[in-house]
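Lettered A, B, C and D in written order, each chain numbered from 1.
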Amino acid sequence: MMNEIMTSQPSWLNVLKFTGLGVALILVVILFVTYAILAERKVMAFMQMRPGPNRIGGKLGILQTLADVLKLLLKENITPKSADKLLFLVAPVIAFAPAFMVMAVIPFSENVTFANLNVGVLYYVGISGLSIIGIVAAGWASNNKYSLLGGMRAAAQMISYEIPLVLSLLGVILLTGSMNLNDIIKAQDNVWYIFTQPIAFVIFFIAAIAELNRGPFDLVEAESELVGGFSTEYTGFRWAIFMLAEYFYLFAMSSLITVLFLGGWQPVMFLGFIPGSVWFALKFLFVVFLFLWIRFTFPRIRADQLMELGWKVLLPLALANVFITAIIKEIFFR
Amino acid sequence: MIHSAWLIPVLPLLSFLIVILFLRNKPKLGSLVANCFSLITFILATLVLVGRLQGDSLLREWNWLEVGSTTITLGFEINALNSLMLFIVSFVSFLVNVYSLEYMEGDDRKSIFFAYLGLFTFAMLALVISPNLLQTYIFWELVGLGSFLLIGFYFYKDSARAAAKKAFIMTRIGDVGLLIGILLLFTQVGSFEYDEIFAAVRNGELIGSVITASAILIFIGAVGKSGQFPLHTWLPDAMEGPTPVSALIHAATMVAAGVYLVAATYPLFEVSQIALTTVAVVGCFTAIFAASIGLFQKDIKRVLAYSTVSQLGFMMLALGTSGYVAGVFHLTTHAFFKALLFLAAGSVIHAVHTQDIEEMGGLNKRMKITSLVFLIGTLAISGFPLFSGFFSKEEILISAWTSGNEIMFFIALFTAFLTSLYMFRVYFLVFTGETSEASSHAKESGSAILVPMLILAVFAVFSGFINTHWFGTYLSDFLLEDAQITVKETHAPTWILYAATIVSLAGIFTSYLLFGKNKTKFGESSFSKSPVYSIVYNKYYIDEIYDAIVVKPTRLFAAGLKFIEWFCVGGIMKTISGCIQFVGWIGSRLQSGKIQTYGTIAVFIFALFILVYGVTNGGLLK
Amino acid sequence: MSSSGIVFSIIAICAILGGLMMITLKKVMHMTVAMILTYFSIAALYVLLTAEFVAVAQVLVYSGGITILMVFGIMLTYHKAENRDEEKVSSFRKLITFLSVATLGIVSYFLVAPVDFVAEEIFVGDHTKAIGEILYTNYIIPFELVSILLLVALIGAVLLAKKDKEEANE
Amino acid sequence: MSSIPASSFLLLAIILFCIGLYGALTKRNTVVVLISIELMLNAANINLVTFSKYGLTPNLTGHIFSLFVMAVAAAEAAVALAILIALYRNKPTILIDEMDDLKH
């Protein structure tokens, strides 16, 4: 689709067409976010043997999130007096924009890929790294020590875990011989990479949790330590945008894991008659459930443990995985 | 013994080094050590004199420097004049050392004083035995240094400092003449050796004018050191030093050095009649001139100082009128009685704590021995018959007469009258009459002061008999043994002897009338208001004249030069350095250590370059 | 003008805007954030030049890595009085610098303006693969050297920024 | 895509380079100076990449070079900041014109 924009003549029709496509995608993702939040609360409730939200929209609380969003929209936007006003305003945008940008490279089905980039994987990693700046800027602009600490922790954590994340990806890329996500999916015709690259999957999954700042790695907004982390001073819709970015990333990361390790839209064995997008959705939902499951199962870890895990366990493991994969490829897939 | 004569100057040097290095803060030990060395020196000098009396002269030399074909030597020489001088110097020096034991008692820097005495003695002794002019000059300057240190011993007194500087500078003027003379001789003869120079003179290798010039130049050096007329002003001022120093300087060493130098280079003078006449005229004028000043001075030491100048004039007169023996003879006798007088005066000052003779009086009751020895000294210097001064002065008068210059003879005769007049003035004012207030608490000095004076008194009385027409001319024979001069046999008329005696007695008598009987005190008499008195009392305003014609113009000239240097040379320099400083200032401003400044400059200049390139031949607008 | 021309214009304006904001803004943090815009625009420019790998590397290194590093630097050396880029720099020097830089720019413009090379499709297919192949064949030694350089820089930076033992004990 | 002339890219590079140069010479905060220097490097990179597409012999070398430049820039930034922090500990200033202790 990207190439189409570049090569076509500029016209209002094209502008409308591509804008419409973008809006459609964002609507889908927002729908997901809405129900992901509900799902999170429901799953948490089930795991904790309680009903969860059940008042609005029937027993299932279907309209709960909508009500929450409405509440956030109506709330006053407070800007702290000593805050750096410009940055305070811009920070949520900086944090949010990359979260949507990364969606562009994800192939949701055989046909639906917004940008079929040769360096798709790297694009995802690079762009997602940008939102750290938004978080740090938010922490800085709030002029609040908890916010600042939260921002610094976020930056440190994300930089630390980006390295094992990318290194674990290398195994997959090595086996595929391409960084194009479509190529990677096609390479999983027979066997998913979760089977050929189990170590990479485990590392990637753990690093992904850390990148998403979800439990048990949610030190960035650890309420008991930092009140609310970088978003302490944010209220109303600005705060909502941070939440939105977080869930966007959950969406994107789940999609990426689906693509990288679970074969993306590839059907399971003989069930090829079911459309690829459905397969993608199923696998994707499973991954999301995994994230929720882990969040409610494990306790939060300490900051030093976090760093040690990242640098002393995941990084060497990922490196070893790259070596082993390279050797295996050299021997068996020559 | 005569072969180890070089030890004589070395011993005082050792004394100086030991005392100044190790015994600085031990006055007792230091002074004792210095005295021991002094005694040994004296004994050695006596032995050398005895050895010389029994044997021959000795000249020992070692090569020091070889410059091209010229060899400069170091060594020592013992001849009649040298050995006599060695004896006199070491003898007086020893007595002064002993005397100072008591005189300097209680001074914080007693050790240093003795060390300086050692240095001074060393320089003088070494000067005396030098066989060549260069060595002489070296020690000549060392003598100057020694005198500078001793005169300025009480350096905390402004006047002492000034006197020390004055002595140093005035003698330096003479020394320049001496140096030029030595160099002149060296260029002509090619050697510093006395013997070679004299040989050259004898053989007629030198033209007359060179001899005259070098002789007069050497004489200028002697004028400076011996305080002859134009350069005499430092000598009375040098009285600022401790009294024993005055005795040493004025009797035996420093001032004698000038006379000694002329005597040592006498063959040179002898050839040139002009030089001889110069010496005689200067000496004669100095004698009468200083005597007239001495007549009116109030300070006992100053009177003695002017008498020294006057007596030195006598010696020069003698030398200038071919009275070689007479000059050296008077130098010898003078050394004894003048040392005696100074020591006695020191004893008096020690007792009454003033130097003004008009405040003293009647001391002969309180200080019998001092009074006696002072009288002996006064008689000796006045030429009282049978005292040492009588014989030596008579010799001088004879030589003045025989040289055929009657004016000088009569001036000398009158000076002899003046000498006895003012010397007895001192004696009468200080020792006779009623006891003045200042003298009332005076006490006789201790034995360390008295013994040297008594010894000197003996010499003052009897030293004249070594050269008399009655008993024998021992000194004359001894000196002429190896003095390379021609002796003119002359017959002096006998009336000179009577004239001298009469003049001396007349002086004493006049003095008695004026001062012994009437106690005339110039400072209180109506005479003090007359211009004559004030002119003479103020030493003919010589110092003031010097100040006016030398010091002030020099200062003015220097101020002019300073002005030129400051505004012209300095201005140019300031301008140049200012320009450079300005450039440097800009440079240092650019070197601020700030990288951005450097970057800005670099970019700015690069932009200039690229702009010029682009606009000119880069074809920017093509 | 083609659509790519419009895209280029937008990107160029964004890049220059980011740079100008970097120069004119007062707070260091704002400048840093403004630079992200420029870095990102440049990455987009690389995409326009069909250099996707370089573009992604640009985002990864500059927007992600170096900017975060700078933000850390600002935070660690945070000093209230120095948060602002004070006006102590003399306006004379600013003027001189501006004139010099402008001269350089203008002259360079005249040098660059006549350049009219034609774009060629230099490589059909996967750029990334080709870059990798060239890196590991022609440029293997520089590549290894760069890896050593990065290692040295890493260790050096850690050593430099680390507190001395005595210092830490105090 | 070929409709964009090469000079446009080069001009953009010039403008960015000039902005970076101006910033490097007039900004007092060391961090900003570093950022400006990075901007200058970026401008150079634009040229490299441009000439690997346009030019007499276009090839991938430009890409490779720009990648090396990035690596070096990253190393430079890391070391520079480490130096800055070490300096800041000794002398609490990050103004570049106060870091002139080597002046004399």
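The rule we apply is simple: contacts are C-beta pairs under 8 Å (C-beta built on N, C-alpha and C of every residue); 3 or more make two chains touch, one makes a residue touch a chain.
These figures come from a predicted structure and were not determined experimentally.
S.K.: Could you name the chain whose CA centroid falls nearest to the centroid of all protein CA atoms?
M.R.: The chain sitting closest to the overall C-alpha centre is D.
S.K.: Have a look at B-C versus C-D and report the one with more C-beta pairs in contact.
M.R.: The comparison resolves to C-D.
S.K.: Just curious, how far off is subunit B from subunit A if you go by their C-alpha centres, in Å?
M.R.: Subunit A and subunit B have C-alpha centres separated by 113 Å.
S.K.: How far is the middle of subunit C from the middle of subunit D, if each middle is the mean of its Cα atoms, in Å?
M.R.: 5
S.K.: Indicate the whole-number Å distance between the mean C-alpha point of subunit B and the mean C-alpha point of subunit C.
M.R.: Subunit B and subunit C have C-alpha centres separated by 92 Å.
S.K.: Quick one: report the Å distance separating subunit A from subunit C, using the average Cα coordinate of each chain.
M.R.: Averaging C-alpha atoms per chain gives centres 27 Å apart.
S.K.: Give me the residue numbers in subunit D that touch at least two other chains, ranges are fine.
M.R.: If we look for residues of subunit D contacting two or more partner chains, we find 1, 21, 25-26, 97.
S.K.: Subunit C: which residues touch two or more other chains?
M.R.: Counting only residues that touch two or more other chains, subunit C contributes 1-2, 4, 53, 57, 65, 72, 93, 97, 101, 104, 127.
S.K.: Got the subunit B residues that touch at least 2 other chains?
M.R.: 597, 600, 603
S.K.: Draw the chains as points, connect those that touch, then say whether the picture is a line, ring, star, complete or other.
M.R.: other
S.K.: Under the definition above, what is the set of subunit C residues touching subunit A in their complex?
M.R.: 1-4, 6-7, 27, 29-30, 33, 36, 40, 52-53, 55-57, 59-60, 63-65, 67-68, 71-72, 75, 126-129
S.K.: Which stretch or stretches of subunit B touch subunit D in the complex?
M.R.: 591-597, 599-600, 603
S.K.: In the complex of these two chains, what residues of subunit B are touching subunit C?
M.R.: By the definition above, subunit B touches subunit C via 597, 600, 603-604, 606-608, 610-611, 614, 618, 620-621.
S.K.: Could you list, by residue number, the parts of subunit D that touch subunit C in their complex?
M.R.: 1-12, 14-23, 25-29, 31-32, 34-36, 38-39, 42, 45-46, 49-56, 58-61, 63-64, 66-68, 70-79, 81-86, 88-89, 92-95, 97
S.K.: Would you pull the subunit D residues touching subunit B in the complex into a rising list?
M.R.: These residues of subunit D touch subunit B: 21, 24-26, 33, 96-97, 100-104.
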